[in-house]
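So, here's a batch of structures to check.
You will see two complexes here that share subunit A, one where it goes with subunit B and one where it goes with subunit C.
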Partner chain A sequence: MILENLGIVYALLGAALAVLLAGSGSAIGVGIAGQAAAGVVTEDPSKFAKVLIMQLLPGTQGIYGLLVGFITLSKVGLLGGGAAAIDVQTGLLILAACLPIGIAGLISAIYQGKTSAASIGIVAKKPDQFGKAMLFPAMVETYAILALLISILSVTAIQV
Partner chain B sequence: MSDLQYTYAVARIRAKENALFSGATIDQLMACKTYENCLQFLAEKGWGDADTPANAEMILAREREKTWETVRELVSDMSVFQVLDYPNLFHNLKAAIKEACTGESHSNIFYKDTVPSAEELLERVKDRDFSGLPAMMSQAAAEAYDTLLHTRDGQLCDVIIDRACLDAIHEAGKAAKSDIIRKYAESTVAVADIKIAVRAMKTAKTIDFMKRAMAECDSLSVDALAHAAMSGMDAIREYLGGTDYAEGADALAESPSAFERWCDNMIIKTIRPQKYNSFSVGPVVAYALARENEIKTVRIILSGKLNGLSDDSIRERVREMYV
Partner chain C sequence: MAVLQMQRISVCALKKDRKKILELLQQKGVVEIERMPEEDSGFQRIDTAGQRAVFEKNANAAENALEILQIYVPEKKSMLASLEGKTPVDFEGYSSVAERQDAIMGSARQLISLSKHIAENKADIVKRENQKESLEPWKPLDVPMNFTGTDKVAAFVGTLSSPMTLEQIYTGLKEAAPDLDAVDVHVISTDRDQTYVCVLGGRKDASALEEALRSIGFAKPTQVGGMVPEERQKQLTEKIQALQEEIARMETEIADYAVDRRDLELVSDYYRTRAAKYEVLGELLQSKKTFVLTGYVPRKAAAALKEELDKNFTLAAEVEELAEGEEPPVLLSNSTFSSSFEGVVGSFGLPRLGEIDPTTIMSFFYFFFFGLMLSDAAYGFIIFLACFIVLRKFPHMEDGMRKSLRMFMYCGISTLIWGILFGGYFGDIVDVVARNYFGVAEGVTVIPALWFAPLNDPMRMLMFSMLFGLIHLFVGLGLKGYMLIKDGKVMDAFWDVGLWFVFLIGLILLLLPSDIFAGISGIAFPASLAVPGKYMAIVGLVGILLMSARSNKNWGLRIALGAYDIYNTTGWLSDVLSYSRLLALGLATGVIASVINQMGSMFGTGVVGTILFIVVFIFGHILNLAINLLGAYVHTNRLQFVEFFGKFYEGGGRPFNPFTTNTKYVDIKEEMKL
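Presenting the complex of A and B:
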């Protein structure tokens, strides 16, 4: 009985990991950048809008994780009310498909948070260089997007 | 994660660095014709408070207080900064020993805000309770006290305490987790050793005196430096030419004030990479040192203007700025 239902458990675990890991990474990243943003606003409140944008950059990984989580849940029918009958092999495939955004999301969000904090330092000293400052943390985003792409492609490609 | 706990502090320091004087600001201050114009310029830059009297010392003291108020606000573990306070602390020890031995009491010779306080130091020295002093100073304090009491040789007393101070800075540097404190300690001790060698050479001191005054450090050999000092200025320059302090040799050749300026610039050069560090306590330490350097430079300019020194001779003493 348990073995029969293990497929859906793996699939759900995949969705949970995508949301949990990417979301945690974003929380840490936004937290790091937020501390730096608060430091600048303490001295110069006029820079609030600029540093807020910087702070939000590491938040996207959490959204990507959520997106993959939604697609997975809808794929296995949990959103529609009736869970599909999924064998263990398919469940594991879905779990594997969710891992890229989970792991790359976690790591990239933390590093993006650190890069954002450093870029907030640029805004503090040279506010006119805001555009350039924003590019550095944005570069880290590339790898979260690549992971998101592979997760979405994989989840949608799996036949349930 | 420990470096990340300073993220807020470093970002705030980055914003505060905008208010630090650049070389251009120092040029503007230099361009002020009179001492009063300089004070007005400083007031326009926000130095002092609205209720601070228009007096250079009061303004500079207030600025120093502001710096340390900021640092205390940003850093919960002030032990990192203790090493920066050692010169003041050991100065207080010297003053306490001299006051205890001579029985003469002078106000305003102690630095405030040291740990332990000047009053506590004086009390312990008067009671000859040297073991109650911090471990780094207890032995030197006892030795300096006995030396002064028996020989009345104030200079020897100073040498003993200064050596203990340099040893304490060196030890603190070696024990420090923070890279900037290690580099600061090494530069400070090495520069002090070079200063001792130059002064001892000029006053024809013995090699034993020099070795007693100089503290060990990693970037210089005390033995080689002392031997070079015995042979003369050219030998010191030649020795320094082969170390990290080759530029100091050029400064020595130029003039004594150029050498003093190089000593301070050396510290600023050591801390300058912290401008590009976004985490760790390093930028906060660098800011505190940069402010001290800035205040010292402004003091040099103000006293130069007050005493009618020529712009050239003031400029010769103006230090490099951090930003």
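Presenting the complex of A and C:
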């Protein structure tokens, strides 16, 4: 009886992991970049807007996680109140579908945070190179976007 | 449309006109003056560092005075003040400041001296407060601090180094000098670590008494004054009050100077401009009677400038074409729409010699992709409106800022269009309100998407994203070919660009009818496409293999390098996949907006519920708009910089930096429009 109903638990676990891992990654990434940004602002408060943008760059993974989590929840009907009857196999499929953005989001956000911190260094010394500085963290994010893509495509493709 | 053509202007004129000529050039602001080659016996530089230093000092003094005014008479600045830009001043208004410069500098110096005086007074007050404080324990003493006694009586005023009672002191004295009698000790006050005393004794025993006192830790006070402490304190209080009154008086005096603020700004810019002029003056080569200068001038402005110079002065001015291979500074000139995107190109790098200005073509793709990533009609309209209002309200905004805002305004329009195509208005707010307040059934879309809703059909959106990407990349590759052909390297264009087109299109034709593609897209292409696809791919492949490293004489190495170039196909694959961010970011906006709407509607439809709904709605959507605006900006830039520019554009040109009135506060409207 319990084993049969585990499907929905797996699905929810998937949604939770997507939000939790990607969100934690973003929190770490934004934190790393924020420390560098605060250092720049103590020296030159006029660079606030530029370094703030840099700090926010690793924040997107958390949003991607939220996105997948939300699509998953609405897919299994947990948002509407009536949860769909999900067998174990479908539940595990959903869990697997959520993993790319969870794990790739976690790791890419941390590294994007480090790259952002380095780019904040560029802004501190050469503010006119803002466009190029912004590019380095954006390169890291590509892989989170690819993971997001696979997660979204998988979740929407699974038949409930 | 393009990079402005530069010409070289050389002027040889009489020395007596040099300041007038420089002023004219500075006013026009169309010439970048170049540092001349080495001096020779005839022409030499003169040292203007001295005059420059004077002007810079004056500019700094005016600047200081303005800072002082800002401290004592703060001028309210709104949050959008940085958008206001410089105040426009006509040339007459600016010139008039030259006549009044001494008076204005007088005010500036007066302000600085007042502020210095206030600072001194404040320091003085602190000093006197400290003195007053240190007299506090002596307050009960009714003789002056330096009182040493009368003819018969010796008095010692001072401190003992530890808190002691009267008995302890008497005992201490007794032990130190048993013979001593007729000693009268007054404890004035005691605190944690000292006893303040006045000790009286016979004049003849004075030295013995002093000896005894020293043995129990007596010391003369540090502050000795000829006044009774209480009176001295009163005197100090009066003095402090007088100082404070003086400060208040000086502060009102400073406040009176607030009317001079505009003049001070003007004079600060005036000196700054003159300093810049003298800097150039110091660069010029001058002989006894003449001087020469040369620099870059945009072709458009060259003729008019030469005419103006010829008309006003006795000089020889010559405008000539640049030498072959000379890399001039870069100034872009584009239509109003495209010029708004110049900042994006500028932040990557201006075109090098021989490169085309990518702004025009890029601006259309930028417009297209930005909207696609944000894709919410309401957000687009908000961005458009906000930028439009700000642009209207602050007409004197700094140029770069205005271009950026105009860019976002256009991007707002694009977002609005894509939002309508995809049916996003604050996410799904229309449906949520219709469902909750008007009883529309669940699952009904009130305003259907004009095209389709990406969330319902992500695969279709992914296909289109990659198609758009492919077009973007092909245009980039095409531009590379165009640049090669423009340089007369037609064969290179064929080998490096044409073959790649053949190869890539062949590969795409092979892919389209395949089962994988049909499975993903649901579109079945006729299998016959594969036949020409196969031949094109093979021709392209062999061609690239053989011709990619054609400059290499060694055939083995040539083939190896060609094979390596083929490997670049993976680069094309990842470039195309990179455009999937168009889908991902577009979905992110819509889904988060839906989450916000859903959260807002959880409170029900009562009065309280509706108020909470509105609060969540406002804060949630502001946050979502801000985050996704940033995302769309960053990733649109990335697609242009990495994917698009990577195909044909390097950048690295030097921006045109004309000799002009480099002001901080005012904008002198007399420059030539380019």
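Everything that follows uses one rule, which is that the second predicted complex is superposed on the first by the 160 of 160 C-alpha atoms of A that agree within 3 Å, B and C clash if a C-alpha of one lies under 4 Å from a C-alpha of the other, contacts with A are read in each partner's own complex, and residues count from 1 in each chain.
Everything that follows uses one rule, which is that a residue touches a chain if its C-beta (ideal position, glycine included) is under 8 Å from a C-beta of that chain, and two chains touch if they have at least 3 such contacts.
Fair warning: this is a prediction, and the values are worked out from it, not measured in the lab.
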Superposed partners subunit B and subunit C on subunit A - clash or fit: fit
Which superposed partner A:44 touches (first subunit B, second subunit C, both, neither): first
Winner by number of subunit A residues touched, once subunit B and subunit C are compared: C
Inter-chain angle, subunit B to subunit C through the CA centre of subunit A, in degrees rounded to a multiple of 10: 50
First, second, both or neither for A:32, with subunit B first and subunit C second: first
Contacts of A:85 with subunit B and subunit C, given as first, second, both or neither: neither
Touching partner for A:130 - first (subunit B), second (subunit C), both, neither: second
Which of subunit B and subunit C A:56 touches, first, second, both or neither: second
Subunit B versus subunit C as contact partner of A:114, first or second or both or neither: first
Where subunit B and subunit C come nearest after superposition, their Cα distance in Å: 11
Touching both subunit B and subunit C, residues of subunit A: none
Subunit A - residues contacting subunit C, complex: 53, 56-57, 59-60, 63-64, 66-67, 70-71, 79, 128-132, 134-135, 138-139, 141-142, 145-146, 148-149, 152-153, 156
In the complex, subunit C residues that touch subunit A: 344, 346-348, 458-459, 462, 577-578, 580-581, 583-585, 587-588, 591-592, 594-595, 598, 627, 630-631, 634-635, 637-638, 641-642
Subunit A-facing residues of subunit B, complex: 4, 7-18, 278-279
Footprint of subunit B on subunit A - complex, ascending: 32, 35-40, 42-44, 47, 114, 117-118, 120-121, 124-125
